[in-house]
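First up is the structure itself, then whatever we jot down about it.
Order of writing sets the chain letters: A, B, C and D. Residues in each chain are counted from 1.
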Amino acid sequence: MVLKAFFPTCCASADSGLLVGRWVPEQSSAVVLAVVHFPFIPMQVKELLAQVQQASRVSIAVLGTWCHHRQEPEESLGHFLEGLGAIFSHDPWLQLCRERGSKFWSCKATRRQVPTSFGAPGEDQVMLVFYDQRKVLLSQLHPPAALPDRQAGDATASAGGLAAVFDTVARSEVLFRSDRFDEGPVRLSHWQSEGVEASILVELAKRASGPICLLLACLLSLVSAVSTCWVFKLWPLSFIWSKLSTCEQLKHRLEQLKLIFSPQKAENPSQLMRKANILVSVLLDVALGLMLLSWLHGKDRIGQLADALVPVADHVAEELQHLLQWLMGAPAGLKMNRALDQVLGRFFLYHIHLWISYIHLMSPFIERILWHVGLSACLGLTISLSILSDIIALLTFHIYCFYVYGARLYCLKIYGLSSLWRLFRGKKWNVLRQRVDSCSYDLDQLFIGTLLFTVLIFLLPTTALYYLVFTLLRLLVVTVQGLIHLLVDLINSLPLYALGLRLCRPYRLAAGVKFRVLEHEAGRPLRLLMQINPLPYGRVVHTYRLPSCGCHPKHSWGSLCRKLFFGELIYPWRQRGDKQD
Amino acid sequence: MEDKMSFFDICGGRLALQRRYYSPSCREFCVSSPRLSLRLLTVVTCTVWLAAYGLFTLCENSMILSAAIFVTLLGLLGYLHFVKIDQETLLIIDSLGIQMTSSYASGKESTTFIEMGKVKDVIINEAIYMKVIYYLCILLKDPGEPDGISQVVPVFQMEIMKFRQIKNCLLSSCFAQFTGWAVGLVRDSFQEGPMRPEPRPF
Amino acid sequence: MCAQPVANTKEIRWQKVLYERQPFPDNYVDRRFLEELRKNIYARKYRYWAVVFESSVVVQQLCSVCVFVVIWWYMDEGLLAPQWLFGTGLASSLIGYILFDLVDGGEGRRRSGRTRWADLKSALVFITFTYGFSPILKTLTESVSTDTVYAMSVFMLLGHLIFFDYGANAAIVSSTLSLNMAIFASVCLASRLPRTLHAFIMVTFAIQIFALWPMLQKKLKARTPRSYVGVTLLFAFSALGGLLSISAVGAILFALLLVSISCLCPFYLIRLQLFKENIHGPWDEAEIKEDLSRFLS
Amino acid sequence: MAYRGGGGHGHPHSAALNVSPRSLPTCRTHTHSICMVSDFFYPNMGGVESHIYQLSQCLIERGHKVIIVTHAYGNRKGIRYLTNGLKVYYLPLKVMYNQSTATTLFHSLPLLRYIFVRERVTIIHSHSSFSAMAHDALFHAKTMGLQTVFTDHSLFGFADVSSVLTNKLLTVSLCDTNHIICVSYTSKENTVLRAALNPEIVSVIPNAVDPTDFTPDPFRRHDSIITIVVVSRLVYRKGTDLLSGIIPELCQKYPDLNFIIGGEGPKRIILEEVRERYQLHDRVRLLGALEHKDVRNVLVQGHIFLNTSLTEAFCMAIVEAASCGLQVVSTRVGGIPEVLPENLIILCEPSVKSLCEGLEKAISQLKSGTLPAPENVHNIVKTFYTWRNVAERTEKVYDRVAGEAVLPMDRRLDRLISHCGPVTGCIFALLAVFNFLFLMFLRWMTPDSFIDVAMDATGPKGAWTYPHPYGRKQGDNNEVSQVR
């Protein structure tokens, strides 16, 4: 099997020394982590390795030697390196060598047992795979299932293939702690994290975050305790809460905030990512909300809105009245049953009258209400949006009523007709067998049934028309609310942090790796460059999208049309399920 | 070293298959189709614009013309970016994995790398796909149970006619340890997964 | 095994079995081929007058539809006072009711176990419901155009004639459906009449002629065929007369229709029997003669 | 291994075939490449399905190339290989009515043509007149100028309207088919009458059963009581109503009589009612639907096999039962009298009374011990019907057909018009012309030269059993033997 040597690009220019890394026997691959420079004392090297090993629980060893001929190759060094093999016994013993000038390296792997497989340079046994230590260290392989669990110590068992490489590099972070400037006993060369000051700031933030989290968590728990107090559990209130989208949104936010400020740490990266996403989305939400607030409370926009609102409602009512007048005449040339038409028309007109008076009753308070609503925007854009949708629902309550009456009437008619049509054909619905059986009716049953059937079928168009008109109105309102809720859900569930990460640091979220064959000369080991294959945006969103408080009834279009046809009630998207009440 | 040979694809177009040997343990196969033919492009564009102009003459609305231009541009972009595959490369590195790169006409490249550990087998499969075609595909192991198949990855999107002609140069030389005549399955039902392939000589 | 030439088949006779390898090619055609073929085993022989007698049911139904339409036309024109129609209808149905029991001496009633009280009840139901609904019926179709109503009722009456149970057992026959269609048509027509009373009486008349009259007919036909023939003729002539008073052409056409149905069609039926060629053989699906319901009852 | 992957366990006759070199014919005349087309194939179960499967296996064994074309069954779509590399195309066509595809006479042409061309098919062999796909295939094959053979598995009456229509369609579909195969002489007469055919081009080749599947096992049955076995679908055509009459009659007369009834169907309910009514729960066992491999285990539990079919072309059930050494009592309908000699079967009229008499006769023989021993019966029946024989005779038909000339288009049209009556003939001639034009169009779209030739995997010397360099051969042999 070909021996694969994963070599960090940052060490390519290091001067000669020992290769420190991990040997993965099952893929016969050597993961080089760092280069130990001369001079060193073997004991110290071994100590260091031992420390790292018990810190990171990765079996790190000296894999071989690395010689980088800056000037003309001196034989002695070569021999010395050969000798080192005796001290650090490892099998196989790698010997990487880079001449000046040529960018092709020579590389051989020595095995003790089989001296025949003594790789003379140019014998193509070894395959060099260059990797960017930093990227591999920081990147997170997807799907995360490939990651080994930290509790179980051994990496070799858990991770397989490239996951093992990633895992090795990720765990031996300890090795990279020691940086260029401090004078350790052993001089290593590996990836150095720049910007120590920044890291200090990060440390401070970490220190500070603990108590703040605690404090906020207490506050939040208090709020939630209040919200769950029994007063709100009484019947009418609880019912209203369940119907008001604002409360839903508030509950959702509350839980999210609790999750963020929960004192215990996130144990795996996905949870961390989740927290970060929530935090970012909340921040964005609040920022947008504040902008809205500033816009509203600047130069008395609220007042204008309030003044605009009442006439709009009046206007809507007027329009409805006209519509009804039209329906009571001969709408679109349809001739409907005059008597029924009149009755229905009057009934609805009376409703509208009630509605207008109601609006006028509460017109003086509207401005104040709006003002407070505007204040709520500081809790976040989503909150104010859901409040808006609730207001719409309240203002169009009469339309809802019309719709319900129409639908009920129509529904009755349809069911009556369907059963009478069965009677008309001399069939009946068998409840036990759930099927239509033929049955022999009495004469009078038949007669009455047919009479009713005729009556219903001639009255159907009238009701159907009313139903149609009001359903259209209703659907209009529902779509508006639905759009608002879609917007809210978008803000709630979009994993902004992950997306930003993908945008700026593509290597952090890795879908896998890809290899590029570097230019290659016969008789030299093959050199590959391992690059990180970033996760596509679609999968980022799919993986990290936050659970929205989605309680929409999942209407497929077919079922929607079916319900419309049979006159079952249709509810705005927020209502849980499609319960009839 | 490298060599080229040319084939017909399933609709009679020309395809070039090209092999590169970097080393005994690393080979590359790349199927490349001819570039976007200018004639086709002009024909399509002209037809769309003429139609648009016809409409324009009917109803005096210059929106149509601009819309037509817009549509053609968008269509061209979409075609180049999502549909037209210029070349597909298959890089096999022994004991490391298989890497498939398909580069679109717009220069967009999508790469997937499959580790050898995950590969269960590589087979030539037969599928009913409006016509009956042969295609090369990689079977991935199911981590759950042994000799189960979790996924089927088709290798070349451009179906090559006379696939059996080149099965030698593809299968025998690159997947020495794999074998291949599969038992067919409908192209659109990958989740079903085919049965284990039959051993075949090459 | 079956490749030998057919020369040596003199001594070996071909037999119609599959389990023996016979020295004949597989596609060998023996002279016993199709010997079990039978033709027209179950062909029935019809007698002319019997068929004519049977056809009288159709004639009856046509006539009753015709009578109904005629009566409606009279009322629509206002030539017929509703009270008068109501009286005659009531009287005739009473007579019919009495006849219904006299014909078989109340024996059918005993078998069905239906009491007179039940009859009275259903009669009351008819009357009350029709009366209650008649105002609605009146306003029911006023916004619908007249032609639509006519078209609908014609369609329904045709349906009534098609689905009516003439005694043939076919899948299409459904007495319920035919009766319902007739009632529907009658309601449609009744809603066109000038006043509520008209509508009410029209519907009751429809019940009498479409629901009650066929029951009486059936019984008459079963019991006293002679009188049945007489009734049929009477009915047919009355219908013709009524139609004549409206339009002569219609009457002539209707008469032709009746004659063709009652005389020509049977004639043709019997003629066509000669050309019947019904193939039977061992491949026919055997039908089960005895009734197996006794094992389950 | 097709089975394992396909998720279907076993096959109509998993244990059917024991292909071994000695069974290969030494001298071949010349091999055909045959395409069996039918809507009915595994995983669907029944007489037609097993016929197709066994026939194809034996033909492969004789060195022909055979492929099967049927429609997709649920998730079983695409191309599968069965034992000996028997290749099955499960085409994605719409199923209309009990597993028969909807036919427009055109929509299946592209796929079928592609398959015929890429498999280099020379003979199309359609099965079962209930299968729309089979008729489509005949039609297309004629358009493409291929030889066609049709096997009819069923009988039709002439009485009612529906049969008149179906017979007309059959006339059209068979009017230019080269050869027709029927499973019994009665079926031949029926088909000749229905399709107005020249009896010379109709061969009679009976079905077969695999005797190794149906061996007697006298120790499985208790001789203290008499057991009557019925194995059939519980539908009207199988005379389940008669059965519902027979059971109480006999059970009242003989206290030591049991019934075992295998099979499922809409008429099961009446049997259950009878059982309820006469309190026979311990004496009448309803087994429900049976796998084909379980049938034998049911049969050997009984002494007498009862078949109450109202119509049968060739009743395989009674042959299987006789092969298991049971005394067969059956109705005298269709081709049944031709199937078994008189000493093995008791024929009755299709009525409760007659059947009861027959059964009583059988029971008395059984009690007096005058019935032949099951082994002897088995040894007699074993020689009657074997698939190899069927394959040989079918091969003769193929050889004959291959020699014939295919009608050119104009002659075909003439024949259609002259043979199928003026109206129907003209209509279908028109359709044939359309079909031809459609074929022309397809040829223009994708010329035959662009169609990749499929590689021939069939046969013991086919691609499936080559020695294989990569050391997986051994394992595969084992699997093959498992499958068989």
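Methods note: a contact is a pair of C-beta atoms (placed from the backbone, for glycine too) under 8 Å apart; a residue touches a chain by one contact, two chains touch by 3 or more.
Since the model is a prediction, treat every value here as computed from it, not as a measurement.
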For this session: Farthest from chain B by Cα centre, which chain is it? Let me know.
Result: C
Seminar exercise, completed: If you tally C-beta contacts across A-C and across A-B, the winner is A-C
Exercise. Between chain A and chain C, what's the gap in Å when you average each chain's C-alpha atoms?
Worked result: 71
For this session: Go ahead and note the Å separation of the Cα centroids belonging to chain A and chain B.
Result: 31
Exercise. What is the distance in Å between the mean C-alpha positions of chain C and chain D?
Worked result: 45
Exercise. If you look at chain C, which of its residues touch at least two other chains?
Worked result: none
For this session: Considering only which chains touch which, label the overall pattern as line, ring, star, complete or other.
Result: ring
Exercise. Looking at the whole structure, which two-chain pairs count as touching?
Worked result: A-B, A-C, B-D, C-D
Problem set entry | List of chain D residues in touch with chain B within their complex | 1-2, 4-6, 72, 75, 77-81, 89-92, 110-111, 114-115, 118, 446-447, 450-452, 454-455, 457, 463-464, 466-470, 472-473, 476
Problem set entry | Interfacial residue positions of chain B with respect to chain D in the complex | 8, 10-12, 126-128, 130-134, 161-164, 176-177, 179, 181, 183-186, 189, 192-196, 198-201
Seminar exercise, completed: Counting only contacts in the complex, chain C reaches chain D at residues 1-3, 16-19, 25-27, 29, 33-34, 36-37, 278-290, 292, 295-296
Exercise. In the complex of these two chains, what residues of chain C are touching chain A?
Worked result: 122, 125-126, 129-130, 133, 136-137, 139-145, 174-177, 179-180, 183-184, 187-188, 203, 207, 211
For this session: Provide the residue numbers of chain D that touch chain C in the complex, in ascending order.
Result: 155-159, 179, 184-187, 189-190, 192-193, 199-206, 237, 239, 241-242, 244-245, 248, 270, 273-274, 277, 310-311, 314, 331, 333-335, 337-341, 350-353, 384-385, 389, 392-393, 396-397
